[in-house]
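Single-structure report; data block below.
Chain naming follows the written order as A, B, C, D, E and F, and within any one chain the residues start at number 1.
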């Protein structure tokens, strides 16, 4: 299995609901350093997993939706705890849609899996990994 | 698959038995930077893989058993070479017991796998990954 | 010159005032990974720059004042832009007070300089470095 | 599953063919930081995944074949785009041959998988992972 | 003293002249991960060392001059060994010119020093640090 | 000022004397990741701070004196606490002797300063920096 990973980041405010979260129930924030790993069994005709330029651009656009935002005020997160692991799945879903839409190039049709890791500090990170294409695609 | 990883470290002395180990047969030591990855297919009701506070506390307690020790003098390691890979499995087993005992909270019952990685330097690290719950649990 | 550095982190929400800040004028947040470097020309009687246990504890207490907070709502920051560089100076001042108060141990009287670095992402960090003891102390 | 990873690096010049590569069609170069992960279900009699000394030496020899070279001028790469993912597979193949030849020691016969990751910068890396022994071996 | 550092990278081919360089006399290449540290004694009116957006853009433009190039073929490097330390000074000089030209904003007039570090691998990096403004400016 | 840094590591056992050290008074150990920074105001005739091959070799030899050792049993450390900061100075002194002896090449006569940093974990490191040549050389 081949993989290619690209890294970027975004910075958000949010709060959590539930006694489990202790002091993190207050409004605070995080920098998330995001690693997106694209996986496939064989390389494309150019010898690539994915066009790294397109991958980096689509990642930046995807993170731009959330960058410099208060997640508590975004309709799509109403009723949810925007934990690091939850946000990893959110970024995964957005990117999977973009792959399915062809925005990472024709070669990206050969991608079989995607893994998104969000680093919240030097001592904690979370990820979501799943198959492509999306169910129902 | 979701995952959450937390990092901590411990510092030990030990020696190895066997010509394979060359100069490392002498008493020396290591800092092990420990990454523990908790995995599960679905998040719990709070949107979590595991309570990060409990996970960090249980990890620190687990490493505390070995921190600032000479492993050569611990009964549980008699006859064993406490290599980095061996110690990764040791930490895995201890943590799996704690998960099974409910010490990481009720939500942790949904954990399906655990991976423990021990970094011994900037150029070498070892890991053990396995399924939860423990066989026979 | 000797130095010892310890690392910890804190997570906050804030916003900036001024056209220079563009989209960062909105409420967002950051994880700050904090490196505190203690400097002195000679080691103390124990062969130390500073007691690393005390240094780590005092750092955690100092960051605890801001951790999981919205800096926009803290009186001490009224009228200020809590940029990364500004917060580096803020942590510096708090730690310098603790050194002067003797909270890092008697040996810490020999400290001559302090440097605080706040990492806001994998591609940006800021610091403040200055002499100890504080002017007028 | 146990694993052990060792790190080394090599520095090469090359160019790419195809409009996809944009400015990277010109002759340029890269440092590749190489992580080789050896995997196996059980440790050997010494408590090891693989002899780390032999593994490091064989890795250095393998990278030495390409280090300080212009890959465009090497016969083995004629007609290929020596992308990071392609080179990960190349290093994988070379190392798999060495394992099969017994150059990592008798204990290495128990290795079941190998993963090679090449870091090309702080924001991009690629890998190839596959089973051992080689097909047809 | 305050500082702000931003990170980017570039990828080049080159060769060295002189027996000291051994196998590096052949055409090869490198990824340089570049950290630029801007220093000043006091923050500007916005609470900044420098506008991080402008700093990142000017750094990318500066590295763009060399990115995906064979340094051996650039007139400005004729007769020079483009070592990592030499390239750190080269990037320093280019950035110092941009600061002097006002391209980092009016606030950047308060910058007093600049440090450029080029990482060539996980085990080697080089830097050049000097005062601003440029001699004769 | 120019600088070049090279990284290596060593692994030792030791214990500390004094109540300040708490549980670290027991025999334990550490991996020290060592960064040696060589500094000088001007590059040598080859465009170098120091021959990186010689620097790496001399560093490895220097660390080899302590690697895989119990520092408590070495005569040179009798009566001393071999703290991270103390060991940084020890490595500094050994390397300064090698520079003075000409073992880093004739060009190394232009070195003006040396800084040795020992990382003991992902959250703590210590350094010693001083001028070259040695007092009395």
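In the analysis below, a residue touches a chain if its C-beta (ideal position, glycine included) is under 8 Å from a C-beta of that chain, and two chains touch if they have at least 3 such contacts.
Only a predicted model underlies this, so the values are computations on that prediction, with no experimental measurement involved.
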Of the pairs E-F, A-C or B-F, which one shares over half of its contact pairs with C-F? E-F
Rotation angle for the CA superposition of chain D on chain F, to the nearest 5°? 180
Could you tell me which pair, C-E or B-F, is linked by more C-beta pairs in contact? B-F
Please report how many Å separate the Cα centroid of chain D from that of chain E, as a whole number. 31
Chain centres from averaged Cα atoms put chain B and chain E apart, in whole Å, by 42
Overlap residues in chain D, where contacts from two or more other chains coincide: 7, 122-123
List the residues on chain F that touch chain B in their complex, please. 7, 9, 11-14, 23-24, 26-31, 33, 67-70, 120-123
Within the complex, which stretch of chain D touches chain B? 1-8, 43, 46-49, 51-53, 56, 105
Provide the residue numbers of chain F that touch chain C in the complex, in ascending order. 16, 18, 20-22, 80-86, 88-89, 122-130
